[in-house]
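Shared between the two complexes below is chain A, which pairs with chain B and chain C, respectively.
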Partner chain A sequence: MKNRRRVKNKNGIANIYLVLVFLVLYAPIFYLMYYSFNSGGTMHKFEGFTLDYYREVVADTRLMIIVINTLVIALLSSTIATIIAVIGALAIHHVRSRRAKNTLLSLNNVLIVSPDVIIGASFLILFTIVGIKLGFTSVLLSHVAFSIPIAVIMILPHLQEMSPTLTDAARDLGATRRDVLTKVILPIIKPGIFSGFFMALTYSLDDFAVTFFVTGNGYSTLSVEIYSRARQGVSLSINALSTLIFLFTILLVIGYYYLNQRKSRPAVQIAEPVAEAGVPR
Partner chain B sequence: MMTKGKSYYLIPYYLWIALFVIAPVLLVVYYSLFDLEGKLTLNNYVNFFTPVYMRMMLNSFWYAFLITVFSLLVAYPAAYLLTRTKHKQLWLLLIILPTWINLLLKTYAFIGIFGTFGPVNNFFDLMGLGEQQILFTGFSFVFVSVYIFIPFMILPIFSALDEMNLSLVDAARDLGASGWTTFRRVVFPLTISGVRSGCMAVFIPALSLFMITRLIAGNRVITLGTAIEQHFLVTQDWGMGSTVAVFLIAIMALFMILTGGSRKGVRG
Partner chain C sequence: MKQLVNTFLAILIVAFGLMFLASRLNSAQGYSGGNTLTIYNWGDYIDPDLLKQFQEETGITVIYQTFDSNEAMLTKVEQGGTVFDVVVPSDYAIAKMREEKLLLPLDHSKLPNLANIGSKFMNLSFDPGNKYSVPYFWGTVGIIFNPEMTKGMDFSSWNSLWDKRLNNNIFLVDGAREVMGMALNSLHYSVNDRNEEHLQEALAKLNKLSPNVKAIVGDEIKMLLANEEAAVGIVWSGDASEIMDENDKLDYVVPEEGSNIWFDNMVIPRGAANIEGAHQFINFMLRPDVAAQNTEYVGYSTPNVPGLKLLPEDISGDERFYPPAEITGRLEVYDNLGKRMLAHYNELFLMFKMNKK
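The block that comes next holds the complex of A and B.
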C-alpha cells in the first residue's frame, strides 16, 4: 500500500540480483530432482531417464516404515503440542502482572532460541535419568516439547486481538466458563490454532538434530535416515525420495494457504514466527 | 474476567515448562560437574580452558561470524528489493518455501554440486582453472550454511523494511541526502531491529550446526555443535559435552542481552 511510488529506475540490476538469489535458492533442489531420473547412478553425468530409483524407494519396506514413523510422530506430536499450547496461551494471556507475563513468555521461548544440539543433548540426559527408553516415546515427547512454544506464539496474538468485551458479554448473558471457552474463545482463536498446528507439523517433519539425539537403535525418522544415508555418499534413491518429499511439501503448503486464504492475511502471518523461530531444525 | 479458582487445567503447560524447559538446563549444568567415571569434579571446566577447546571455540565463532556476515550481505539487498516488487507477498512466500524442505536434503544436494565431477568443478574446468577441492573445506561449509540461513535473514529484514514509513525516506531525499546517505542514516537505522533478529537467527544456530560440518566439511571444521554431538553420541563423555553446552548456553544468553534482549514478535 505504501511503497508503490518507488520509481522503477535501476530495475535491471535489481531484478537480476533477485533472480540470482532465487536461482541459488532453488538450484540445489532442482538439481536433486533432475538427477533422481539419472540411470547413470551418479549426481554428475546424466546418462538416461529412469524411474528405477522411485521403484527402489517404494519397494524399500524399511524406508516406508520410517516414512510412516515420521508421519505418525508429526501428526501425534503436533496434535498434543497444539492442545497444550492452547492452554499455555490462555495461561499467558490471563496473567495480569506484566513481570509474571514476561517471565512466562521468556520461559516459553527458551526452546525456540536454544540450539538444537543443546535441546537434543539435554533431552537425552532427561530421558535417561527418568528411565524412558529411547525410541518412539522419547522422540514423540521431544517433538511435543519443542513444538509447544512455537504453537503458543502462533495462538497468542489471536487471543490478544480478541476484545475482552466479548467474553464479558458472554459471561453477562449467563455463559459458564466452559461455554465461554468453547463457544467464544476457541472459535475466535481458531486460525491461530490451525497455524500453530501446521507449524508444529512442519517442525516435527523437519527436525533432525533433536531426533538424532533421542532415537535409540532401531527407531528412525526420515531426517535421521537421510543423514545416515548421505554420510555414506551419493545414492540416487535419496534424490528420488527428496523429490517425493518436495512434492509433498508443496502440497502441504498449498493446502495450508488454501485454508488460510479465507483469513486473507497471507505470508507475513507465517513469516513472522518463522523468523522468530529462526533455527532450522 | 477470569476469576481465580479452578486453574488445574493449566497443569500440562506448567508441567511442560518444568520438565522440558527448566529441568534440561539444570541437568546440563549438573552433568557438567561429573567426569567420565561419574566423579564430582571441576575438571571439565579446567579442560575447557585448554588450547584444544579454546581453538575450537574461536574456530566456531569465526565461522559463525563469517556465516552471519555473508548471510546479511546477501539478504539485506534481497529483502530491500523484495519490498519493491509488485507481488511481494508471493515472492516472500517463494523465499520461505525452500526452508520447508528438509535441511539435510538441501545439504546433500551440495555433495553432488561441489563434488569432484560436479557442476561447479565443470565450470572451473571450462574456465581453465582446473579441478578444485571444494567439498570438505571451510569454504563449502560457509557457503552451504549461508545458503541454508539466507531465508531466515531475509524474513525479519523484510518485515522491518516493510513496516518502515517511506515518507521518512522521501523527506531525507527532499532535504538533499544522497541515496547512500539516506540508506546509511535513515533506512538502515530504522531496520536495525530486523537486522538484529536476523543475525540472531543465524549466529546462534551457526555456532551449533553439526550435520553440515559432518556432511560437507568432512570433519575439517569443528564447531561447538560438533563437539557436543561428539561427546554425547560418540565418546559418551556426557560431562565434557555438558560443559561445552553450558558455555554455549552462556554465550547465547550473552548474545541475546547484547543484541537487545527483548525481541519483538510476541505482542498483540
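The block that comes next holds the complex of A and C.
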C-alpha cells in the first residue's frame, strides 16, 4: 500500500513536470495566436476580436506567392532528399568494414550539427562559382542537401534493426534482388522513411540561415521574408500567417500519425518481433 | 512499396499543383513580364503605393526585395548570382562598394530631379560629386527618453547618460560605431577618431557606463522602448520616430556635443539589368510629391527640399528630426575607417560588451 502510493506520487511529479514543459513550449505560440485576432494592432493590449489580419494575409499576393514557394520547396526537397537518403542508408548499411561504416556515419552526422550559417555561405559561394542563378533551383538544391543527412539518420536504425535472416530467407525462397528490396526491405523500413520525410519537411519549412544566402531574383521563402519584415516590428498579419502555418503543421502531424497507425500496421507487426530478436543487446 | 510510391506521387502532384498556382499568381502580378526592375531595399522602407504608382506611370514592373543590414546586402551584391537594379545602402557601405568597384556611375542628365536635393546633402565624403549615389533618407543618432521615468533630467549632453539615477535603465543599440561614436562624442572627440589613446579613453568611459546599461539589443530596441522597459535608449532618429508613433510619451534629442549623421542612398550596382529603368526610378523617387508621400509613410528625414515644403508643419518644423544649423554643423558622417581600424572598433566594443555584467 505504502509502496503504491509512492509510485503514484512519483508519477504525479512527473506529470506536473510534463505539463510545465509543454506549457513553456506552447505558451508563446498560443500567445501569438491569441493576438492575431486583436483589433488593437499591437501585442500589448487585447481590444477586440477581428479577422482583419487574416484577410490582409490572403489579400497580399506577394506574401501568398512566398507561402506557396515555401511549401513547394519543402515538399519537393524532402521528397528528393528522402529518396536519396534511402539509397544512401542502404549503401551505408551494406558497407562491411566497421571502420568505414563509422566514418561514413560520422561524416553524415557532422553535416547535421555543422552551423547553418556556414552551410549557407558555402552554398552561396558554390552556386555563384558554378553559375547557378540564385532562385528556385539554388534554394531547392540546398534544401535537398541539408535534408539528406537527417533522413539518413531516421532510416538507418530501421535497417539495422532488420534481421539479416529475413533477406536470406527471401533469397532462399527465390526472390530476386529487386524483390528483396521492394517486398522485404522497403516495407520494413517504411516507418523510417516517413519519419525521415517529415523531419526533412519541417527542417525545410523553418530553415532561415541557409535559405537567406541562396534566395535571390525575387524568389523568397517565408522565413527570410518574416525576418526582413521584423526589422520594423512584426505586424499582426505575420501572427495570422504563423497561426495558419501552425495549424497546417498540426494537420501534417495528424496525417503522419494516421499513415503510421492505419496502413503500416501489418508491416510493423511482422517487423517488430523480428527486429526485437535481431537487435544485439 | 505500393503505399510508399503512392504517397510520394501524391506529394509530388500536390507540389506541382502549388507550383502551377504560384506561376499563375506571378503572371497575374506581372512579375514574369519582360520589362522589370529589381529593387533591393531595407524592410518596410518605402510606401508600397509608390511602387504601384511607378508601375502605372512607366509600365515597368517592380520586383521588390528586402534586406535587414548593409552587411547582408553587401554579401549578396558582392557574390553576384542575383540581379539588382537599384539598391539602397547606407553611407559607409557605399564607400566600401565604391572601393570594390561594385557600383555603376550615374548618368546625371537622366536625373533632372536631383536639383531638389538640398546642397548640404550632396557631395559628401563617401561619394564626392554624387557620382554613384543619390540621397534617399537621412537621420541622426541620439537619445530617446521617457520624461515620466526620468523626472526632469536634461539629455542635451551625452554625459547625462552617466547619471547615477539611470541605473540599469538604458538600452544601447548593438552597433560598434554607434556606441563607440557616442563615447567619443561625449569626450568631445570625433566619431571617426583613429587616435589609440582617445579610443582607450572612450572604452574606459563606456565601462563606467555599464551599471546604467540594461541591455545592448538589435532592432527589438524599438519594441522594448515603446513598452517602457527602460527610460532611455540610444537609437537612430528613424527608429526614434517610429517608437514615438507607438508611444507618444517619449521624446528624442540630438546631444549638443555632436553626433553621427547618416544617409541611406540609392545606387545602381554593377550587373544591373535595367539601367534605364533604374534611372527612371531614382528620378521618380526624387520628385517632390513622391518624396513627401514617402517621408510621411517611412517617418525618416527627407533631403528633398521642395518635398519637405509639401509636408505639414508638424513634420517639417520638428527640430528633433530636422535640427537647426548649429547642431547639424556638429554632425559627422562615418568615414570608412578601413578594415583594420574597423576591426579595432569592433574589438573595443566587444570588450565593453564582455565587461558588462
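Annotations
One rule holds in what follows: the second predicted complex is superposed on the first by the 235 of 281 C-alpha atoms of A that agree within 3 Å, B and C clash if a C-alpha of one lies under 4 Å from a C-alpha of the other, contacts with A are read in each partner's own complex, and residues count from 1 in each chain.
Assume contacts are C-beta pairs under 8 Å (C-beta built on N, C-alpha and C of every residue); 3 or more make two chains touch, one makes a residue touch a chain.
Everything numeric here is computed off the predicted structure, so don't read it as measured data.
Of the two partner chains placed around the shared chain by superposition, chain B is the only one that A:D168 touches, whereas chain C remains out of contact. Judged by the touch definition given at the top, the superposed model places A:I193 against chain C, while chain B stays out of reach.
Ranked by how many residues of chain A each touches, chain B and chain C are led by B. In the superposition on chain A, contact of A:H44 is made with both chain B and chain C. Of the two partner chains placed around the shared chain by superposition, chain B and chain C are both touched by A:I125. When both complexes are overlaid on chain A, the residue A:P28 reaches chain B alone and has no touch with chain C. Contacts of A:L76 after superposition on the shared chain: chain C is touched, whereas chain B is not. Applying the stated contact rule after C-alpha superposition, one finds that A:K133 touches chain C and leaves chain B untouched.
By the touch criterion defined above, A:K183 lies against chain C but remains apart from chain B after alignment on the C-alpha atoms of chain A. Look at A:R62: by the touch rule set out above, it reaches chain C but stays clear of chain B.
Shared contact residues of chain A, touching chain B in one structure and chain C in the other: 42, 44, 83, 124-125, 212-213, 227, 230-231, 233.
By the touch criterion given at the top, residues 42, 44, 61-62, 64-65, 68-69, 71-72, 75-76, 79, 82-83, 124-125, 127-128, 132-135, 138, 182-183, 186-187, 190, 193-194, 212-213, 216-218, 220, 225, 227-233, 259, 263-264 of chain A touch chain C in their complex. Of all residues in chain B, those touching chain A in their complex are 1-2, 9-10, 12-14, 16-17, 19-25, 27-28, 31, 74, 77-78, 81-85, 89-113, 115, 117-119, 122, 147-152, 155-156, 158-159, 162, 165-166, 197-198, 200-202, 204-205, 207-208, 210-211, 214-215, 224-225, 228-229, 232-233, 238, 241-242, 245, 248-249, 252, 256, 262-263, 265-268. The residues of chain C lying in touch with chain A in their complex are 1, 3-4, 7-8, 11-12, 14-15, 18-19, 21-22, 25-26, 28-29, 31, 38, 42-44, 63-68, 72, 75-76, 79-83, 219, 222-223, 227, 242, 246.
The touching residues of chain A, counted against chain B in their complex, run 2-3, 5-6, 14-15, 17-18, 21-22, 24-29, 31-32, 35, 42-45, 83-85, 87-88, 90-91, 94, 102, 104-105, 107-111, 113-126, 129, 145, 148, 153, 156-157, 160-161, 164, 167-168, 171, 177, 202, 205-206, 208-209, 212-213, 222-223, 226-227, 230-231, 233-234, 238, 242, 245-246, 249-250, 252-253, 257, 266-268, 270-281.
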